[in-house]
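I've put the structures underneath this note.
You will see chain A twice below: alongside chain B first, and alongside chain C after that.
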Partner chain A sequence: MYGTKAAKLLNSKAVEIGDSVRIKTDRNEYEGLVMPRIETGDTNCIILKLSNGYNIGIEAERIKEMSKMESKKETPKKDKVESAKPKKQVDPKEEVVILGCGGTIASKIEYKTGAVFPAITSEELVESFPQLKEKKIRTRMLFSLLSENVTPQHWIEIANAIKEEMEKGCKGIVLMHGTDTMHYTAAALSYMVKTPVPIVLVGAQRSSDRGSSDNMMNLLSAILAAESDIAEVTVCMHATENDDYCYLHRGTKVRKMHTSRRDAFKSINEQPIAKVDLDNERIEILSDYTQRGKTKFAIDTKLNPNVALIYIYPGMKRQQLKEMLQNHDGAVLMGTGLGHIPTELIDVTKEFSSKKPVAITSQTIYGRLNLNVYETGRNMQDAEIIGHLLDWTPEAAFVKLMFVLGHSKEIGKIREMMNTSLAGEITERQEE
Partner chain B sequence: MYGTKAAKLLNSKAVEIGDSVRIKTDRNEYEGLVMPRIETGDTNCIILKLSNGYNIGIEAERIKEMSKMESKKETPKKDKVESAKPKKQVDPKEEVVILGCGGTIASKIEYKTGAVFPAITSEELVESFPQLKEKKIRTRMLFSLLSENVTPQHWIEIANAIKEEMEKGCKGIVLMHGTDTMHYTAAALSYMVKTPVPIVLVGAQRSSDRGSSDNMMNLLSAILAAESDIAEVTVCMHATENDDYCYLHRGTKVRKMHTSRRDAFKSINEQPIAKVDLDNERIEILSDYTQRGKTKFAIDTKLNPNVALIYIYPGMKRQQLKEMLQNHDGAVLMGTGLGHIPTELIDVTKEFSSKKPVAITSQTIYGRLNLNVYETGRNMQDAEIIGHLLDWTPEAAFVKLMFVLGHSKEIGKIREMMNTSLAGEITERQEE
Partner chain C sequence: MDKETTEGVKVGLELHQRLSTKHKLFCKCSTKGNEDKSREIKRKLHAVPSELGQIDPAALFESKKAPLHTYDFYKGTCCLVETDDEPPHEINEEAIEIGIIINKMMNAENIDEIHFMRKTVIDGSNTSGFQRTAIVGLNGKIMVILSNGKEKEVGIQTIAIEEESCGIIGEQKGSMERFRLDRLGIPLVEIATTPVIKSGKEAREVAETIGLMLRSTGKMMRGIGTIRQDINISVPGGARVEVKGVQDLDLIEKVVDNEISRQKKLIELIQKINEIKKKNPNIDGELKIEDVTDIFKNTKSKFIKKAVEKGNSVLAAKLKSMKGFFGTELYPEFRYGSELSGYAKTQGMGGIIHCDEDMNKYGFTEEIAELAKKLKLEDDDGWIMVVGEKPKCESALALVYKRAYETKVPEETRRADLEGKTHYMRPLPGAARMYPETDVQPLKITKEIVKKAESAPSFKEIEEKIKKILNPEMAQKMIRSDKLNLFLELIEEGIEPTLAAVTCEDTLKTLRRDNFDVGKIGEESIKETLLLYKEGRIVKSAIPELLKLISKDPKAGAAALAKQMKLTKITGKELKELLAKENIKDLQSLMIRYRLNVDPQEAKEVMKG
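Presenting the complex of A and B:
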């Protein structure tokens, strides 16, 4: 998988993937495990996993010396299992709980094949992130899923696990999660859990076999955030394309906005809550948040998952929308602009307005809805479509409707709850 | 509708909406029509339509003097009709054709009620934009729709109108269009029309009754772009929140990314083609484009509009996706991250893979798809879902599938066309 130059160099020293090597360049000396090269990029750049868990890439051309050290190929390391638990007794209230749900961040490389597997045991986690040994943590793997396969049922399982850990006592909670649907899960937990301690979701955009992996920095930053004063459900991810700092985003206002960049997560329509500066172990507050200890812990997992999220497009058939509304207990539409849908589709929603909630969000992702400006919007208000003047994301509105439908069957009450900010998903309008 | 201070001032001078007034502040003197105040914002700011067509807002507190001039309330101005046509004969090839489809940009205020109506005649257009009198233009109103009601059939009508104008000869074409679905129409025209002259779509985010209206600057910038060397289907809109310059975006790579900001339109995954600097009548090229005269005019309006655009979400039911695939001739899915959908939904698409094209795009909006990195993506490739390594927007992919299905019924050919860039909707991958 390595390019010609890199492969030649490795062959010349009989170094295989998974071997431990010492490498000298003009400027530096490195020791680490040779990682497989499974991504695109400079294939003549040898990836080395350092003992601190970080990966670096070294161009074959820059390597002056390479020597093989004693082999450290992957073998079951039962003797290391104990290291996952701190030797001396720690008060559980002082510990950060790390819950694992799978995803790239907790992935593990099978050195022989280069395949990426989710790490499934606490031991494997500590083995992947040696710096965790120094932290007051306890770990628990809930399940191991690529996040596109996470369902509303999993959100409930996560909330229940949080409850159990809260009962044992903890300083904060970190939830390792795949990034694809992390913002849906973050929104769900925001509605379901009231928390006196930080609950921080974290993921990685690049797997641990890549020189550019963001997994270590994101996880350590999330632990720092979990020890902080910010007692909300948040997402902690790279703030920029560099490794300079992370952002802590509110769970209901964040969205994955890029397929692959490390700074893919963005706060929508508000500032992130804080900057997490891992190097200086410092958290810089950027906006309002709920302080540690101010909220009593509570959990409420009643959800009705029979909700549709529907993208509206030119030429969409009336019958299509009608069937989707018939088959679900409520729907969130993704309209255009200020929150519009074609006039003939408004008529379809009217047939359901006395029975089923229909909410509107915008395909533009950014900006606040306004159903007062144009005739279409005013017709939508007449059809009792929910969303006028709200600034929610489509995903936060969608998960909210599941939650609200789990709590009421009365259409008036449902509309009222939808229009009220339950977990920061709606920000008050500032006069221009 | 005006706030207390403004209303008091207007009343004290017996000034009504639609009256012509002269206003003095500490620094300046203005003459213009008093506009209704139908938007939120500072309601004590009096909106004046100046004779150059621009609106300004003047805070009531800053007004030192106000005097009513002769009344200019709206009356049918038949005598002005002729002004829409230039007096002397102009070679049609030197004219920019302005086609009207409705939307905010061409809207007209009914002064009595404050309601916004689309302008439907050429005369009304020139009346709204007095600076047009100095331009070599001819105008033609196709229809008058809020763009959420524009359908694939309208795209075909627009293309046919473009053909007729091209046969008469013109310097370039400007298409006034509502902003909500302007990027869908721009993509459709990009696939349907090969053009030796610029075809520029333009809209406005703020209606002409607002001090912050962007309609005049956008339209004049679009005319400048239509006279330029850039012979592509483009979108011309404000580049920033200020009135400093516009961007010219490629029709297949642009998307409305904010509900209300004037710089709502963004090029996705590429630079805009050019900066349009109206003040200096200068076009600054930012990326590759097709030059004027290099392409022979051609039009091909074969479309199959029976395509669905489907947002994928946690908990989506297999049956729901199945029915949507059954009811359409093809579908574009909006997956998560690098282009993933839940494993059980991949199985649903497999049932259709020998008959119907299913393409993938990403909810993240930004970034390139990659179905090689994770198991899910590889399974999607096995299911022959189209999109691996493409960087198209959901809307460009959706309109493209309509176009491609209008040209072939053979699944292999359809996949091949979908994977080939037809109008700049796919940019080549740059090695990292």
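Presenting the complex of A and C:
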């Protein structure tokens, strides 16, 4: 939105965004298209796109004259002829379903303004990835959200969409998702869906407008994984900073570990399931997995999202923790080191955990919890805090507690379920 | 060139000069390169469709050509911003300030708010697939004094601050290319002139003037490759051709004149091509590629034999009625055949063999009759041949054939070589290549930034100053010198202006003529030498001698060399002692032996007693 002075000038000349104008300053004369104002910077500078493609900002106050030359040209609508072409009949069971949930991978840029829009239709998707034309796929856009805005309700929506597609039949499922919370969604689907086919989550760390985007390689690798024998909920992303291969991570063991690198996703406390070598269309298995067809499809979307995830910090006050815990049906704490919380906080936690489940995870992310080694840990075991000897990620534990609370209200049963690996979130041995 | 030959010729320059800022344009990496390589990164770039679903022809061309690139990563000069694994940081305001200084110098209007754009580049030279660039100034003009003494006004269309690309290290034909990441992101200024230049000579003079205006700011990086020019050239009836990467000022003149000649000769050839096409309207679709590998099975041509043994193919095609065309000279040592060869090279070929060449240079003659038979050649038919991997040969022949019958001078981007010839690179980029860099916030040019920049002296002020302190001839020389900055620094240090100018210009020239490697004498060493003189530690006549020594041992340091090689001044008591000890009575015999150590003025006075 333009600031008052700029808006006033544009209004007085009946100039709208996208119109072409001639502007005179005290020194020069310029022609160009009026661009929408980006939020930051001086909103009283009018942004003009010159014929050489550059944008410049000119202060409204310095503009002596402005005249409209031509009204905004509508972008020509593309003929729908191409998409109307009769599609070759393919057995739905042979198709990979691509479900869209938004995020960088599915976004398109409007080149004039630089604004990023979600690709909403399947046609737009194929347009962005011409290689998809050769693939046996069908696409369906569920919603278009930046993943920080994805909620447990959306996880359920996705699970239900998976169910519908499974009923139609498919070879595998690829879920395009924003990367920020992709590991939460992957964990949620791991608990909620028992699958005989691969369900692969995929995203992109670099925007799709740039030649260097990782979107293409990640998506095509995910499709390859969805056609494979690995019938689990997984995340498929760049394995290294090179454009060489992707890793397939188990949905409950994966975590975004870098703000920006292509290889931000890492398997925590285990090897990735497989290496996906797109160039050679080859999948190299690195660890155990569930084979295609061994599991009967089922979904169970009962969740209780009223769970707190609390980061413990030095100097944290009893009252603060108490307030964070109250009104929740369960809590996951991110403790320090082997899984500790300050001694001072143990009795507050104990009070809560006598009625409601409290699970511990570690801020170190890597490694196994052990509440035997120090007195604090032993006292935490007394307080019946769940987590001793587990190697889960905070997010996998957090989503798991929602799932478990959706299934039982009985504290003993809850503790038992939390201590049992439901979807590979807990492993008993660690070799590295 | 005479008036007739320059009529309608339009030449515009785009000068790129690296700025000597402390950090890169969008991160805190150093701009000073090193050889501390720590790792390699391998990336692919793909063509991205524009908003209309079109892929830019230039971008598509590059993405087909080069699928995988290797980037060398150097410690201290590269970070995740260069590897495209982290968004850009804030704009380096030091670079923008330099832009504002240049605006003032070139009478351009400051932009109130700077918006960085992404310019799509997918030849691999930018890891992101685009170059960040922003206009800081518009509509400037400069006056250029031409060598004929006339003044010429040259418009400055745009002044932009942009990111330098990766340095290319080696090219493995066809697929992989290797780049160095340390150069990526160094700020550079791009000055684009209006197309008012009429000849190669003028282009050179304009480039020289702009170059020295930039240097006079004292904010430009020095050294090989820190400046390069792109040149846009068109002649009436020809086309706009962009020649990339002319690094040497001396080449500009040749490149421009060659290009003007190339377009004019092509226009003449096109008339003949039109005649052929009139008789054979479907000729564009009549390419028939013949595999003639068998004919060369037992060839005496070593290079063909070797290639065939490696499993390569020899493919040939007839070009109807084109005999004699390929030998047509477009400019000295560049024929229509060389022109077409440039197209084959983009497909990974070494070049083409054509009918207008002397086959003795390839070492075969016997096969020609058989070749003619196979291609069913008639009298005036020409032929071309390529050797290499079969699919690549096929695409090369298709491209060359299409180009051969072109009836318009193609708009294209060409690359300049070190001889001033240009070679086809890719089609001209379309307009869809620029869009906003949304990761970088716009930068308001505040009054403070402008004030700071404007306190820097203008080039005119510098010119005036020099005219006041040097004689007219020397002043002209100095204003045009690439040592202008050093000169300004020297007089700042209190060196006498004429001595500074003579040393920078005449002395170095004389040394070069006498075969001393002047390139090894750094500006710091020149400064150090003149300061030694100013401090009375050497005499004037020792200056050239000391510079000679420096050129042979640049690392030793001027003071150390002077001492070591007995070039230090003998003065005062020491001088008197010398005169007494050696019993020297007259100035002449003193100077014969101690010219490089004794100031004659002082000696005269001492001798007078």
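Operating definition for what follows: the second predicted complex is superposed on the first by the 342 of 432 C-alpha atoms of A that agree within 3 Å, B and C clash if a C-alpha of one lies under 4 Å from a C-alpha of the other, contacts with A are read in each partner's own complex, and residues count from 1 in each chain.
FYI, a contact is a pair of C-beta atoms (placed from the backbone, for glycine too) under 8 Å apart; a residue touches a chain by one contact, two chains touch by 3 or more.
These figures come from a predicted structure and were not determined experimentally.
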Point to revise | chain B versus chain C as contact partner of A:Glu148, first or second or both or neither | key: first
Check your understanding: Thinking of the overlay built on chain A, is A:Tyr374 touched by chain B (first), by chain C (second), by both, or by neither?
Key -> first
Point to revise | First, second, both or neither for A:Glu241, with chain B first and chain C second | key: second
Exercise for review: Would you sort A:Glu323 into first (chain B), second (chain C), both or neither based on which partner it touches?
Suggested key: first
Review point. Taking the superposition as given, does A:Arg261 touch the first partner, chain B, the second, chain C, both, or neither?
Key: both
Practice item. Considering only touches as defined above, state whether A:Glu59 meets chain B (first), chain C (second), both or neither. Key: second
Exercise for review: Could you let me know whether more residues of chain A are touched by chain B or by chain C?
Suggested key: B
Exercise for review: Considering only touches as defined above, state whether A:Tyr313 meets chain B (first), chain C (second), both or neither.
Suggested key: first
Review point. Chain A residues touched by both chain B and chain C?
Key: 40-42, 116, 259-261
Review point. What residues of chain A sit close enough to touch chain C in their complex?
Key: 25, 27-28, 30, 38, 40-42, 45, 47, 50, 52-59, 62, 75-76, 78, 109-116, 127-128, 130, 205-206, 208-213, 216-217, 241-244, 259-262
Study note, to complete from the structure: In the complex, chain C touches chain A at residues 41-53, 59, 63, 68, 80, 83-87, 109, 111-115, 117-120, 122, 127-130, 133-135, 138-139, 158, 160, 431-438, 441-444
Review point. For chain B, which residues count as touching chain A in their complex?
Key: 39-42, 116, 146-152, 155, 179-181, 184, 207, 256-261, 264, 305, 307-311, 313-317, 319-320, 323-324, 327, 334-343, 362-370, 373-376, 394-395, 398, 402, 431-432
